[in-house]
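Worksheet for the structure shown next.
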Amino acid sequence: MNGELVRTLETLLFLSPEPLGVAELADATGRAEADVLTALQQLEAALAGRGVILRELAGGYTLTSHPAAEDAARRLFARPRTPPLAPAQAETLAIVAYLQPVSRPEIARIRGVNAESATATLLERGLIEEAGRSRFGAVLYRSTPLFLKLFGLNTLDDLPDPAQWDPSPEEAGELRDRLLRAGEARAGRAHVADGPADPAPLAESR
Amino acid sequence: MAIADLELDLDVFAGPFDLLLTLVLREEIDLLEVDLAGVVLAYLDHLEAGGELDLEVATEFLVLIAALLELKSRLMLGSEDNELAELEPGEAAEELLARMLENRRYRAAGTHLKELEAAERGVRFRSAPLPPALRRASLEHAPTGVYDPTLLGGSLVGLLRLPPVVSLRHLVAPRASVAERLAHLRGLLRRGDFGFDEAVAGADRVTVAVTLFALLELYKQGEATWTQKQPFGEIAIAPLDSAGRSSLRRGASA
Amino acid sequence: MNGELVRTLETLLFLSPEPLGVAELADATGRAEADVLTALQQLEAALAGRGVILRELAGGYTLTSHPAAEDAARRLFARPRTPPLAPAQAETLAIVAYLQPVSRPEIARIRGVNAESATATLLERGLIEEAGRSRFGAVLYRSTPLFLKLFGLNTLDDLPDPAQWDPSPEEAGELRDRLLRAGEARAGRAHVADGPADPAPLAESR
């Protein structure tokens, strides 16, 4: 019955990062727009006294946090979370720290694999931030002051010189070029195990 | 239908049989990951689906699949496993049993994980970012030096490392062709009997595999025959004369 | 009153991209952990019949969608979901989950086949991650919190004892007998074949 529609709408609004229009909601639930509107009103009433609020914005309907919890939310999220960095995160952070500003396609080329989730985590933890766009329109990243503090560095010049561990110091070329070459060499063999697929990831990221 | 066109749909490969062979020979697909039983099933399915039993095709299939099985079992029995061959039958059985049970246990555990995965199929998580006001972690509450900067230098160095061995193999692989190996084997056959090990002395894995295929070809053409006294033992190769008689008989040598 | 704590907890759980532990929630709300636990139970009850569910996953609490809305969610969010794991991948994941940290050669030994492509897929999906190196330099792997989250587990201890899938002593005995017979047959055949040159196995098959 209608209780089910109310529940489904709550799930969809909960999941969506963007506001949802009545037409979209009607499409997804297979119901008439008038039914959806009625159900949205019921949902709004049902949410009274709960921790989330149904809002109507320009783009449609969305769930937002209840302002009464703002202090607790600030306490929870304002403190930087510093769990150990996973290898993929450490690699991505190292690339940004040493090469900044650097674009996401470049990070993916150097790592030889997609860097999306590691980049998102580093952004969320405030270790890196956006720094404009490249000539080709890709978002650029740089490290943040929080990054320096968490690593106990005064400036970026205090980053350890990678030359001291360099596996092939005889290789000529800038750090950036060498990283890109090594990344492409690694990606060149990464695709073979999955059968005759073409090396698409590389081509796309350029 | 030619056996080359047999359509396969395996975990690691989907496409015609001859492409699979090519990729295996070029080491672009690891033979160890190919489910050969799946290839056999695909062929049986093809027969069942009304394909006529063409003896020529069936023979070709048997020869190819046997060669692949042989190659795969050689690869699976790496050097450490040769210890197994030296064990008494009783000990070897115990060792194999222990391995089978362990394998079985984690295969079942994998099935259990797939059930858990299926049970969670309809569960989704919210992926919206934090509201901007909450997003910025405040600098003054941040602890100093919780992470070690050498972690970054170390990560970067790992990314500089080139994978030299693999890229070399790719350059070498295409050099071993069946035609070239055929010529090599025919050259040896002209001098009489010889061992397979002799024919592939100092060769890499790909060349060994391609040589085996060349040998199968000679066998099919009736130019040579081969014998192997025990599994993984030496393979003795001998020329066949025009009447199809082998010179492998005692005393016969060129 | 407690209703306020319940509401605040719902807001925090709604906002957080990751599961939250009781200690974190107690810190953020300035309440005792026991109070938080009671309030979480109340929240779970209050959500009955609604579009979201309170779950304990990967060592913390998190809100998830109600599976009843999955069809509508699929229609709304066009992006296809990742396909279910292939058997080889599930088996590799099980070995990592139970034996972690474990190296790839070890995984290959147990599976009896190479584990390269399965490991690569699991890494890419974020279900396993690197966990240092073994004494012999092989990369070690462990499972991730994302694995727990996606497989509905709170901790690794929620995985059942794998010994439950072992065969009964009778079955094991039967297997042993079969292996023994096969081994003896092989040894016998090898012995015969040592005699004066006879048509060998391959020649027979003509």
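For clarity, chains are labelled A, B and C in written order, and residue numbers in each chain start from 1.
Here is the rule we go by: a residue touches a chain if its C-beta (ideal position, glycine included) is under 8 Å from a C-beta of that chain, and two chains touch if they have at least 3 such contacts.
What you see is a predicted model, and the numbers here were worked out from it, not measured in a lab.
K.L.:
Using C-alpha centres only, name the chain that sits farthest from subunit B.
P.N.:
Chain A.
K.L.:
Just to be sure I understand: the centre of a chain is the mean of its C-alpha atoms, right? Then which chain's centre is nearest the mean of all of them?
P.N.:
C
K.L.:
Measuring centre to centre with CA averages, how many angstrom lie between subunit A and subunit B?
P.N.:
39
K.L.:
Averaging over Cα atoms per chain, report the distance between subunit B and subunit C in Å.
P.N.:
The computed centroid separation for subunit B versus subunit C comes out at 27 Å.
K.L.:
Find the geometric centre of each of subunit A and subunit C from their Cα atoms only, then give the gap between the two centres in Å, rounded to an integer.
P.N.:
24
K.L.:
Could you say which residues in subunit C touch two or more other chains, in rising order?
P.N.:
Each of 14-15, 17, 63, 65, 68, 73, 116-117 in subunit C touches at least two other chains.
K.L.:
Find every residue in subunit B that makes contact with two or more other chains and list them.
P.N.:
If we look for residues of subunit B contacting two or more partner chains, we find 12, 30, 33, 124, 126-127, 129-131, 134.
K.L.:
Using the touch definition up top, name the residues of subunit A that touch subunit B in the complex.
P.N.:
Interface residues on subunit A, with respect to subunit B: 14-17, 64-65, 73-74, 77-82, 85, 87, 90-91, 93-95, 97-98, 110-111, 124-126, 145-146, 149-153, 158-162, 164-168, 171, 175, 178-179, 181-183, 185-186, 188-189, 192-196.
K.L.:
What does subunit B use to touch subunit A in their complex?
P.N.:
12-15, 19, 23, 28-30, 33, 124, 126-131, 134-139, 141-163, 166-167, 170
K.L.:
Which residues of subunit C touch subunit A in the complex?
P.N.:
Listed in rising order, the residues of subunit C that touch subunit A are 3-4, 6-17, 20, 24-25, 27-30, 46, 49-52, 63, 65-66, 68-69, 72-73, 75-77, 116-117, 120, 124, 126, 129-130, 144.
K.L.:
Touching subunit C in the complex: which residues of subunit B?
P.N.:
Residues 11-12, 30, 32-33, 76, 89-90, 92-94, 96-97, 99-114, 116-127, 129-131, 134, 225-231, 235, 248, 250 of subunit B touch subunit C in their complex.
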